[in-house]
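Going by the order they are written in, the chains are A, B, C and D; count residues from 1 in each one.
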């Protein structure tokens, strides 16, 4: 039995990890920590049946854990990662602290890095792309919720060199859980319900850094990402509509074939048939990424649509998937297909 | 032109009053005050086009107002009321500060009263019941959102003496705007969406005090209210399902006739035909109260259903209706029918 | 491996059964039938990954099934049940065809019964109450979605004889999936969203028949049910607020103890602590029934609140739970706790 | 008093027109027709208070009308338009029948045209662009819901010649009322709620024809529209995120200035300040179009965001605005600002 500790357990990603671990046949909760709710039972925080008593993070029994999930904000994660690794405990960080290979880029977007010496050890946890490295990693940087879907769709195209032009437009729509559990004017029911709000549009959202980094690695050249996140009146799910240019010799059928080949053995990638477009309903409450492609109606222009559950494939699901890989388990254990 | 000032203008009821005043042909905004947002234009607080610059409440130019609306919390309203009345300005208070005739009852439910000397001046602002008194009042205590619908439905029955037994059950469901604009865990989108939550069930919600007071006045004897509010995943609207016992000589048809007689000239009471039940869709974005009645399937037992928009007939709409009455205007001015 | 056939597989309860069977370690889909979609793959009907090819019901290979789930409407189910039982196949019927012990009562509410000779064989499938009989049954009549929660809450009280008076009021609120997958004006998004609608209020909803029958059996005397269903703007979940009178010697603490004793070994009954009320968020996407109780603020009057997921504990989840019991399996297999 | 008849009055746009006319000080309902509900009072169809008795369309008293609104589907509108014009009654058609100047283009997208002889008389009813022509028109072709926002945003840019490249990407998200009142699997609450679905993506949605036509007219050269509509889980509102290339000498500030100049006297165009993005909450239940612009983070690339209420500025509101223009009235009468 793998013993998994959770730091920051009372955010939405921590709650989701508890659900995953509760049905995981080979892993169990070692501890669940919370600064705010230390001493309370988990079922006093969320309407569930979990009886785990939350511990203060500094009291978390690292010696009883084989792996920890850091569901803490960027900045806060790095010191926990250092402590866990020093104790010989593997680490899946759900924050941005170890996603960016270049320290300068991190500092630009997020400020001071509190454990830069660990950056070389970190593997970007997009499982389908980096499975090999993840299997040997002690520190996995779980991808951001927004990048996961578009990167999975673009990876085979970028690697194959079929993206022409120097720009990719990602029009993304995310459910409100992506904004976190802290009550704010933005996440107030009355503000979000019956509404749709673009925010941090252009190249101002922090996930642009990850998208840039990964696309450049896949394509072998820089690709300018234009990224427009929108807050959607649903609790869960991200749908991304991606506009790309390809050479005139490519079309949606060929891209679909390329995807099918790249992902034929992937349990969590669902490639839709011609004529079908991915929707949130395809993926919510699953760890899948659904992807679809169609012509933009102009030669050489394609529209890719991806959908994920932001709390599963976009966060805790992929984190558990990575844990499974790190410990040599069947990758699907504990995860809703 | 009636000049109306609004204290606490950046809560939901204040926002709604601004909308009403914007389309009111005989009234205009004198000032809009806010402690938090003083100095900002209104359209920087809510997604609207109102250019009013918010003033700090102590800077509010009372001398330029004929009436003020107090959209402030209980406790905070009383001192504003005192100041306004002292300046010769009429006052419609949307808080609970002047709803309860008995100071002891107020203290029981709300704590210290900061202007008890004004209680004798206050008229309970359920327009259809107290119109006469409101027309001569300088201080109107606007009813709570929950009591408004059930009281309008029960008033003709209680007055007529046809309620038997000593208990009335009110199962009420309210949209989230009823919980106010302050972000809390309860009003977080993810907590409220796709959910339904009973709270303060039984006789623990503060609106029980108003319900008790008014029903006793209408019936001439105490009636025990059992009150179960539920938080509903909509922004606006309250639907109340009311279970009453009557003598066996009464039935739904007779109650409907009684209502029609009582409310035949009321512009904001909509009595549904036999076989139709009130729904939120009947009333949202209007100042109406829809009411319907049917047999409970047991002789002498009836089910009344009322629906209002909690921000209009349940708060700002009724407040403006009361202002219209206080100033001798057509009662429907500025109000969506 | 238990081989389970599904008739009427393309309604919401059929879809939910497919999901349960997909994760059930000891059962698998033998066939999924549909009149409308015969010949199509399941993933062409719903946004999922199921590749089952739908068969016309008359083509369904009964000889390859150990049990069938009838997700067909009342009236349609009875003939399928007869055919299945004749073929030696056990049967869980999710329609109302075998819920009512008294043929006359069935005819009153539903019209002609097409297989009345099977009524004596049918067991009412409220698992926690009838587990013993279900374990030996060949025909289980799965309870209606509305009765399940209130009956579980009332069963210990009725059996103990602590319900006084002759009336129980059930104010119930159901998500739209309860109205079925057929598009109608009522289930149109624009009609249901931002709305709350009472319907079939009093004693006119068909589930009254079940409630009456069971409560009479539990209490040993007739109890008049007043039942007010409301359509709630959520997809899944039923919350029922139940008003009961007890002798003055009972209170919420005692009821909670009674529940805890009655249900101490039940995996799918969650009894909330004092001060907590059941909400939809406690149960959606689980097979649990959450129940809570508090004082109505009047001596001898209590308010019970129950919550279930209407498609799980209210339909397909309980159906699978019953299948598990019928085949001697661990009752929780395949079911989300 | 202008007497307005409504054909197809029981769809959502007809309902909205009734609401507008009910508060319009200079216009009134002459008749409301419906094939399905002829003979019923309007308040039996929708939860409202309108007592108009619906007439069969062939019984509609054209001689009592000064203008008719055609809320009928494309194909059905043309014959009603012919009949109305022949009777000397002005006509605002909310269908697509008279939006496309080129008969061949119409036939391509919609099939046979039943009154092609009227095409030369029709004016495209985008009020802010064609006000002059509308004021003298007897037949106005009210724009489609999707084109309205993007065309208003793009008009000043296209006219000014600052759009470079030959492509405009419009990623649009519409509330479910845009799909009409007829119940379908797509508009079922359970299918639309908690979901987001792209459909007719690329250049396959019929509104592409209008967008192409108008942009070509404004820019004086063809511009290829890539159009991705998505079904959004709200009842009302369309938000469009528009990706355009401009010369490097343009930026968001300049575009904002251009808009302010072009629309300075427009009562229904709201241009947001720098740093603010249009959201549905800016416009729902108003006749406004909100528009905002920001840099895409790449030189010469801009993101425009427009928001409208699809039933008001996107349909019935603009139709009434056009009626006001056609009859020389204050353009804002009856319309919520």
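As a convention for this text, a residue touches a chain if its C-beta (ideal position, glycine included) is under 8 Å from a C-beta of that chain, and two chains touch if they have at least 3 such contacts.
Note that the structure is predicted; figures quoted are calculated from it, not measured.
Listed by label, the chains touching subunit A and subunit B alike are C, D. Chain centres were defined as the mean of their Cα atoms; on that basis the chain farthest from subunit B turns out to be A.
Contact count check for C-D and A-D (C-beta pairs in contact): higher for A-D. Chain centres here are Cα means. That of subunit A falls 39 Å from that of subunit D.
Distance between chain centres (mean CA atoms), subunit A to subunit C: 37 Å.
As a whole-number value, the distance joining the C-alpha centres of subunit C and subunit D reads 46 Å.
Shared interface positions of subunit C, i.e. residues touching 2 or more other chains, are given as 191, 194, 233-235, 279, 281. Across the complex, subunit B meets subunit C through its residues 167, 169, 171, 173, 191, 194-199, 201-204, 208, 224, 226, 228, 230, 232-237, 239, 241, 243, 277-281, 284, 294-298, 301, 303, 305. Residues 12, 176-177, 181, 183-185, 187-194, 233-235 of subunit C touch subunit D in their complex. Contacts from subunit A toward subunit C in the complex involve residues 22-23, 46-49, 194, 270, 279, 281-282, 285, 288, 290, 336-337.
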